[in-house]
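Worksheet for the structure shown next.
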Amino acid sequence: MNNLQVLAIGLGLAGHYALVAVGFALIFATLRIFHIAHGTVFITAGYVFFLLHRAQGIGLLPSGVFAVAVAALLGLAIDKAVYLPILRRGGGMFSVFIASLGVSLIFEAGFLAYTKGVVSVARTGMLDILTAGSVTVRSLDLAVLAIVAMVYGLLYLWLHRTKVGLEVRGLTDNGPLAAVVGVNVDRTRTHIFLLASALAGVAGVLTAYDMGIGPDTGTRTLFVAVVAVILGGMRNLLLGAIIGSVALGILTAYAGFYFPEWLTFSVFITMILLILVRPQGLFG
Amino acid sequence: MTSGSKGLYLDDLAMRFGGVQVFEHVTFNIPPERITACIGPNGAGKTTLINAVCGVFRAQSGRVFLDGKSLDGIRPHELVRHGIARTFQDVRIFPYLTVLENVLIAMPNQRGEKLRHLFRPGGGVSTQERRHREDAGALLDAVALTDAANRPAGELPFGRQKLLSLVRAVATGARFLLLDEPVAGVEVELVPRVMALVTKLARVEGRAALLVEHNVDVVREVANQVIVLQGGGIIASGSCDQVLRDERVITEYLGRIYDA
Amino acid sequence: MEHLLYIGSLMCVWIIVSVAVNLVIGYGGMMTMGHAAYLGIGAYTAASLNIFFGVDYFSAMAIAALAGAAVAALTLLPLLRLSGFYFALATLGLNFVFFDLFHNLAPRVEGSEGLHGLKLPAALASADTRFVTTLLITVACILAARHLVGSPFGRLLRATRDRPEAVASVGKNPTACQITIWTVSGALTGLAGALYAATLFYIDPTLFTLNASILMMVYVGVGGLASIAGSILGPVLLIGFTESLRFVGLPSQFLGPAQQGLYGALLIGLMIFRRQGLVGKHDFRE
């Protein structure tokens, strides 16, 4: 196992984190909601995909699309059923955060009971291996990166070319002010949750296909994504998420190989140090 | 007036916020046993003056001396121990503490705030607490807040919260009280009580008060000396009569002659 | 019967923990999501001192409380400059940091037959004496906490929770107050950890994860913030309820998830409908 290989693995992981990270950042930057349940959305998509594709034998694309749709709707439902009622009754960021935690607990419990903790991998069949020098990757890894890049590109277009995207960017810059200047915050909010959750859904499908998922994969991935967002900062959502994800991908890959029993420690010490030293991120 | 004299001495204070020179060359003394008033139009920097003295913001230049000793580097919670207490224009009482508790908490040197006394039998906590409650009750009585003593302070209307914040500052026992608009918003019938309280503090207890005020009538009633802050500096200072007849003050601030 | 005594002892342990956590969240206004770390410190300290150094368990408990206090203070100090939300996030991170620390560095006191080599004094050795002793210690902690919150210090604490800058303006040091209550809370939690180890006769790092910290939040949230009575009600009701689930006929593999799902639903319900919990005198504002 050489460092270049670890790097390659890290980049692969980064791809998985990036979609979750950018969605999380989108929601936090615009609505100030610490959406822990984003991990739940991520993992639900994974399980739905697994159920359809692996258990029911439905084709790859329809399963994936359906799973992403479920994720999008789930994220929106969480906001409408849990977050908005809290906010309307005078609750603040903390209350929403705790409720989000509650949502993730419920779903995690459900998945735990259902799967008894076994990791589910949606992929069937063998993979092509490609080698370049001392680095070995699977064709799947490249496919994942390609998909992530494509989705990212679409996201960029959406943020910069559509009316709603413009409104979202307005919210990022100055939340309360955007509401004054005629931005329909409610509709934009819906768009934000749908989109961010869909992104998480794509990530969930990819992860379920590639690495497999367990009941706690959602929260674990979410926290890595959170650290990635803190690191990359939220001044530029897309760039920050990419940079943070690459950094965390490399960190987790490196830790996974050289000191796996300190992996969790490393991620969270990084988080705490970042919060203490530079909470706005490297580029915030 | 030198830095060695008794009193709270402001020496050539200047304050600047993001390109705006709020005031400069502010020099005057707040002597003990006297009531000093600072008047001036809104935005002249009267509250900023209090903030500068209390070290909330760092003054660009100048220093503050308390009985000859510089206040440089003193942390906010140490001010009371050195003898300075202040009130806020926006009040800042503790909303979920009762009115009585708001006063009690300001009492200095409470044994009951130290764990080592709390858990020692015979720590003297309840005796002292009893005495503090009496003193606090008297203060509440002075500003007609006794009936609200056990209500959460946040439930009070603004004017009564203003009164509460005043007696809270008084309860600290600090010799120099910096009061930011103590009667603004207070019910008209209760204003005389404020004036009586502040006068008693100076005449009977020998404390000093700086009144930042708009209400010129109140100033005329109680102030021994008046400073007029306007246009970035002090335009007049002296006794009430002197200041209120000063031409510059009349034209730039009062707009008319204040007659007795 | 022995099982009932065991549940009773567990309730007592969690009452102490809930009181400790409520002191910092409900009375102190500091959101802690990492107190499980201090519970673990207490448990490991007491068990290790007893098993490896033959320290009698009561002394070990006292030292465990001190250890809890020390670690609590140490972990708080760097976080003091953080504002509410980032502070909470950092304490959440503490769970994971300490989990790996326990997993990798703590002495191997776990074993298939439990804490092998743990020697408990007579007052803690059998189920009934253990319950009585634990109950007495719990009552003492409750009384101490009540004395604390009803005192001038308690008043200062609540004021610090509400308006720290105004506390400074009346000449008191809000930060010193926060450090004090956090340390006291750490001591109580450490003590509870020692009792926890004795009651379970087993400890491993998975007992002290984010789930445990969330559990603490649920107990405190249900009982109510800023209420000692609430800190008793919360754990008693919830532990009692989850115990009764056993008799409902749920297959054992569903017990854990059912409990977790229930707590998740409780958190959501509390935040939407009743942030002050059952008998709380304050709520999760902000």
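Letters are used for the chains, namely A, B and C, taken in the order the chains are written, and counting of residues starts over at 1 for each.
Everything below uses one rule, namely that contacts are C-beta pairs under 8 Å (C-beta built on N, C-alpha and C of every residue); 3 or more make two chains touch, one makes a residue touch a chain.
Everything quoted here is computed from the prediction, not taken from an experiment.
The greatest centre-to-centre gap from chain A, using C-alpha centroids, is found for B. At the centre of the protein atoms shown, by the Cα-centroid criterion, sits C. Computed centre separation for the pair chain B/chain C is 43 angstrom, with centres defined by C-alpha atoms.
Between the Cα centres of chain A and chain C there is a gap of 32 Å. Averaging Cα coordinates per chain places chain A and chain B 53 Å apart. By the touch criterion stated above, chain C contacts chain A in their complex at residues 31, 78-79, 81-82, 84-86, 88-90, 93-94, 96-97, 99-101, 103-104, 214, 217, 221, 253-254, 256-261, 263-268, 270-273, 275, 284-286. Residues of chain B touching chain C in their complex: 54, 75-81, 85-86, 88, 92-97, 101, 104-106, 108, 110-115, 118-119, 125, 129, 168-169, 171-172, 174. The touching residues of chain C, when paired with chain B in their complex, are 144, 147-148, 151-153, 155-156, 158-159, 161-163, 165-174, 180, 184, 282.
Listing the residues of chain A that touch chain C in their complex gives 34, 82, 85-86, 89-99, 101-110, 112-113, 116, 223, 261-265, 267-269, 271-272, 275-276, 279.
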